[in-house]
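Quick one: the structure is below, questions incoming.
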Amino acid sequence: MKSLNVGLIGYQFMGRAHSNAWRQVDKFFSLPVKPVLHTICGRDAQRVEAAARQLGWQKTATRWQDVVSDPEIDIIDISTANDTHAEIAIAAAKAGKSILCEKPLARNVREAEAMLAAVKKAGVVHMICHNYRRIPAIAQAKKMIAAGDLGRIFHYRARYLQDWIVDPDFPLVWRLQGKLAGSGAHGDINAHIIDLGRHLVGELVEVCGHLETFIKERPLPGSKGRKGRVTVDDAAVTLGRFKNGALCNLEASRFALGRKNHLQLEINGSKGSLVFDLEDMNRLKFFDNADPSDRQGYRDILVTEPVHPYAGAWWPPGHILGYEHTFVHTVFDFLKAVAKGRPVEPSFAEGLQNQRVLAAIEKSSTTRRWVKIPR
Amino acid sequence: MKSLNVGLIGYQFMGRAHSNAWRQVDKFFSLPVKPVLHTICGRDAQRVEAAARQLGWQKTATRWQDVVSDPEIDIIDISTANDTHAEIAIAAAKAGKSILCEKPLARNVREAEAMLAAVKKAGVVHMICHNYRRIPAIAQAKKMIAAGDLGRIFHYRARYLQDWIVDPDFPLVWRLQGKLAGSGAHGDINAHIIDLGRHLVGELVEVCGHLETFIKERPLPGSKGRKGRVTVDDAAVTLGRFKNGALCNLEASRFALGRKNHLQLEINGSKGSLVFDLEDMNRLKFFDNADPSDRQGYRDILVTEPVHPYAGAWWPPGHILGYEHTFVHTVFDFLKAVAKGRPVEPSFAEGLQNQRVLAAIEKSSTTRRWVKIPR
Amino acid sequence: MKSLNVGLIGYQFMGRAHSNAWRQVDKFFSLPVKPVLHTICGRDAQRVEAAARQLGWQKTATRWQDVVSDPEIDIIDISTANDTHAEIAIAAAKAGKSILCEKPLARNVREAEAMLAAVKKAGVVHMICHNYRRIPAIAQAKKMIAAGDLGRIFHYRARYLQDWIVDPDFPLVWRLQGKLAGSGAHGDINAHIIDLGRHLVGELVEVCGHLETFIKERPLPGSKGRKGRVTVDDAAVTLGRFKNGALCNLEASRFALGRKNHLQLEINGSKGSLVFDLEDMNRLKFFDNADPSDRQGYRDILVTEPVHPYAGAWWPPGHILGYEHTFVHTVFDFLKAVAKGRPVEPSFAEGLQNQRVLAAIEKSSTTRRWVKIPR
Amino acid sequence: MKSLNVGLIGYQFMGRAHSNAWRQVDKFFSLPVKPVLHTICGRDAQRVEAAARQLGWQKTATRWQDVVSDPEIDIIDISTANDTHAEIAIAAAKAGKSILCEKPLARNVREAEAMLAAVKKAGVVHMICHNYRRIPAIAQAKKMIAAGDLGRIFHYRARYLQDWIVDPDFPLVWRLQGKLAGSGAHGDINAHIIDLGRHLVGELVEVCGHLETFIKERPLPGSKGRKGRVTVDDAAVTLGRFKNGALCNLEASRFALGRKNHLQLEINGSKGSLVFDLEDMNRLKFFDNADPSDRQGYRDILVTEPVHPYAGAWWPPGHILGYEHTFVHTVFDFLKAVAKGRPVEPSFAEGLQNQRVLAAIEKSSTTRRWVKIPR
């Protein structure tokens, strides 16, 4: 079987999750190719060595340029911080590599456009890693919506809530600095529910949003008592309208005590409704208006049956999957696409369109009015 | 419209709940007769006067014999402690009154048999107040089971858990004294899940049970520091087999911290399953095995639709009912039966059979083996 | 004990709920006065007679003016459609009656201002019936927030979802006609979550909203096949900011299949969070950030303990209350205020301020931008 | 770092789960040794070859004797069917290997005793794979109980429900044949809740159980229309008493439609209660009686914090784990024990005691009375 050599740039949270996916995918799924954990790259030689040992990579590199230009490498996986995505992706495209890139695609629309142009010009396979699309429950929801089981859609409401910076003494880490992170909850978690909304319901045509920073100053890390300005949002609330007439209501926040990774979404249509909760991600709730009138109610579907997307590759019914499985599913579909040289969704084009929505919300937060989304 | 005069014996917890039912029933349901809150009876003249004023009764009495022999009274409602049910009911039957009696029917099988014989001989309408049968969700469950929606039944498991005597300093009130109360959790709450099991699944033929008293001594009320022996059970666990082959698993306890009035039951059949929880009593969960394989799951039915039993008489869908409504439904059906001189379920015969099951469990707890239930 | 004679205008859904409250309040709560169900009023003589019989009123009237001017009447309870509130309330104030008025207070800010001016001038007791404020769980939430248990509040998110007009063949009833109903989901159910937000979190200073009508035309009742224009909203989505800096996110819709009376709200503060769901209204979920780090989690509080607001007057712990109990609590507090001639919350001033928020959202929906709320 | 070579006997469901654990453990946990997936063994050469390729093993074998006698192998992992555990384990002990054995330990008490004797005599490290003990939520529960947070324990109730053989046309596979499987739901899933009860609450001293076979005959696989007798139980219900006075109530069934892998347990003590559900295995519910009286309620603890057992090795809070992670935790603790030559729990002694409980229940089901458990 043909091998595909992977070069992974980044070894932190996402680097660990992606490493796991490359390592696990052929243990559970049948593939026409064999992924090889060829090179992992990070700026700190000692730490990247340790990461390679722990995560199972054959080689290390400290300059991403070396990985991108390595002729042995087939796939570049970009799991670095947001501000380096564009540069690496464009170089990888020029080098003819297949590219998997973490979300959000870039820091802004301009960068995202350049990235899309580069991969198109190079004709390489490209994918943005919106792993939540491949949660079995979400894939099942997509299938049902595509089959018309919800009818005309009226509402998409979603929230992504966390609570890790409620403490005002939490320091001003890089993720809270606009220059490095781009934005706060907005690009980090609002991006997820925007992508899921576009994936499940359709294109957004107009938005109105508000970004808020509750704690304006925080302790500078390592400096006793000195404080610095927080330059990203703590929370983002958004209204929107989809092309098909459905309403959109989004809330992303890092200030919701008790909500750890609480992505909850609900879709209401003319024939039924769907509800999903990431902290309970093996379930999908479905209300079917065609059920007899005295026995209607949200069905609590445990999405672990062989008939459900991806689920059959793992364990018997009722044996639940966890967070990292979603990356395995993503890498599975990506590898099939690379093997056949075919496109795969979500492509960079999707990433670019998400970026346009993010930008429109930011603009709306400043102008205090609704903003149309270009396409 | 013809009036029916009610004489209520007892004015405490059950007296208040029954008073409410007599008062409310014709405000929400259409009846061929008009119930009149004629006389309330209790041994303490002052307190029964206060109760009459608060609860809306026209007259008071301090001797139940006076109520039973009052020619103006049509219905005797027995809401007293367990040890007086038989005496009052038998006298009321002889006096030709229609009788509604609180559960458990009596202190033992012998008393219950005498009560049933008396009402049969007198030809009066008789009913035991197992109000939970008329929770809309339970009535809906009964309807579905009767229609065969569950197929052959394999399992009935139920538990009724409370926590009001976990504290060892809780005093030795009358409910914890065998002479007055008969039994503890067994007759008080196990009786409910036994009745629901027989109502929903069928006759029990054999049981094996164990009664446990965790706290053997408790402070005597009003006596500083002195303690007395607890002579009832704190908890009862039971296995059983139904005539139709289904298994029964029951647990009743007053020692389950955090469980306030937690009656939870589940029935599994060859075509579907049902789940009910009294603390969430407006819902019924239903698993239908005929649903398509990728969208099966317990349906969370909010039993507040006009199509559901009793629910339409109250409020629009989604506006939930409370505990006391179940007594209103019971009294509604009882009054219809009295008006037409027809039998109504659950009759004293049901109360007697429940008593036989209770007795068999007690015997089993002593003999340490399975015990057959006579019929 | 002194009696207070009540005159109720209206006998439909709200008339039934209010009748129940007047009838039940002194059966469960101790009052310094006795409410008397004196007169019920409706335009159709025959139907109001039937309502009086069923609901327990002594007299009937067909002109509200006769009730307002009746010297025997102490209290006017306005449960009519929205378009008559102002007229009746102003007349009742002039007649010196205590007034309980259904929500929303009026059709618009101008009417509401006139009503408030009238009751102030007359010096009568006035209250708007926002019954949800007196759900025990909500009253408990209010108590906890007032005690500072949540700390600084960051988020209020609430949704009130129903599904009764999803069917496009549902006819164009008066509630879907702007002239009669004022608005749709907006004034009917958005009003509730606006009031709860102001009650629990504080004043709103700015809003941005969007009203949507999904089904533009519906069958005219009684006319075969002809259709008329729907002139109210089907759904309303709103962002807002509170004076204390908290963000507000609201959604009200009649187009959410499977949601019957789904009012769900969540409040996140710097010390804790609260979650409430009307379809499960006996519970309040509370996250306490002061709990030990390895055992933090939303507590599922069953708000039926004697220590909880209003709950002790009813049944033992775990015996749940229903929808109509909230009106009993409202009437209880109103009667105490009337007996002592003291103000009671929420007064017409609260109703007026809610109206200003409703109006600001409507304006924002037209101007497509944020709108400040006057005070 | 020292390597430890693993020989895995069996490659089906458990073989896949164990392979994953050996492969993943050092990617997430720090170990003083390096596990090597040395040899996988199965009777069918072709299929074991395929398994080795897919699951990541270096060599294959078709006779377990060859693996046990291979001097390169340090650890024997027994993941075969129940009827071969004793033979393999005893041989492996004699060969001086460390042994991890799937549950139930053996087919009967006699075999289990022989296995324990063998590992004791050989002085090797031995462990039975009761992986559910190392679900983070269960490990957290154990910690809390050990710290006295529940006080005196009154109740342990647990059920393990599945639904995969409700269909009477499901064939008579080997798991439904007594000779091969030993028992049905009893040894397969009752064994799990027995082990968890003993782990969390203490020793059982007495039991009373009933084994039931609902469907007595089933189609023979591969034979058109012919049927054979089912010689194992479909369901097992059990009452029991623990040494510390707590009551035990167990139910294991393969006939509960809609329950896929539904292991639910509840423990009630004098200070608090705990609830766990395997289908929602990242959560633990905890009722703390020391909470203020107006804000008591089951806490819904998401057991994904760094402070929780095992959880910190994986992902950030709120990113849930799945079924197979429990094997990784088991193998992690086993490897540490092997590296240091120290005992690890649950040892074969625990497996033997579980076997005694299983045997006592079987005996009780026949004698129809309570049976004492030897120790």
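Observations on the structure shown:
Read from first to last, the chains carry the letters A, B, C and D; within each, the first residue is number 1.
In this text, a residue touches a chain if its C-beta (ideal position, glycine included) is under 8 Å from a C-beta of that chain, and two chains touch if they have at least 3 such contacts.
Note that the coordinates shown come from a computational prediction; the quantities given were computed from them, not determined experimentally.
Compared on C-beta pairs in contact, A-B and A-D come out with A-D as the pair having more.
Taken over every residue number at the interface, the positions common to subunit C and subunit D amount to over half, indicating a same-residue contact. Averaging C-alpha coordinates per chain and comparing to subunit C, the farthest chain turns out to be D.
Annotation: 36 Å between the Cα-based centres of subunit A and subunit D.
If you average the Cα atoms of subunit A and of subunit B, the two centres end up 54 Å apart. The residues of subunit B that reach two or more other chains are 259, 296-298, 302, listed in rising order. Across the complex, subunit C meets subunit A through its residues 154-155, 157, 159, 161, 163, 166, 168, 208-210, 212, 214, 234-235, 237-239, 241, 245, 247, 249, 251, 253, 255-259, 266, 268-273, 287, 289, 296-298, 368-370. Residue ranges on subunit D touching subunit A, taken from their complex, read 13, 17, 19-20, 23-24, 26-27, 54-56, 162, 164, 259-262, 278-282, 302, 304, 314-325. Taken together, the subunit A residues at the contact with subunit B in this complex read 140, 143-144, 283, 285-286, 288, 291, 293-302, 305, 307-308.
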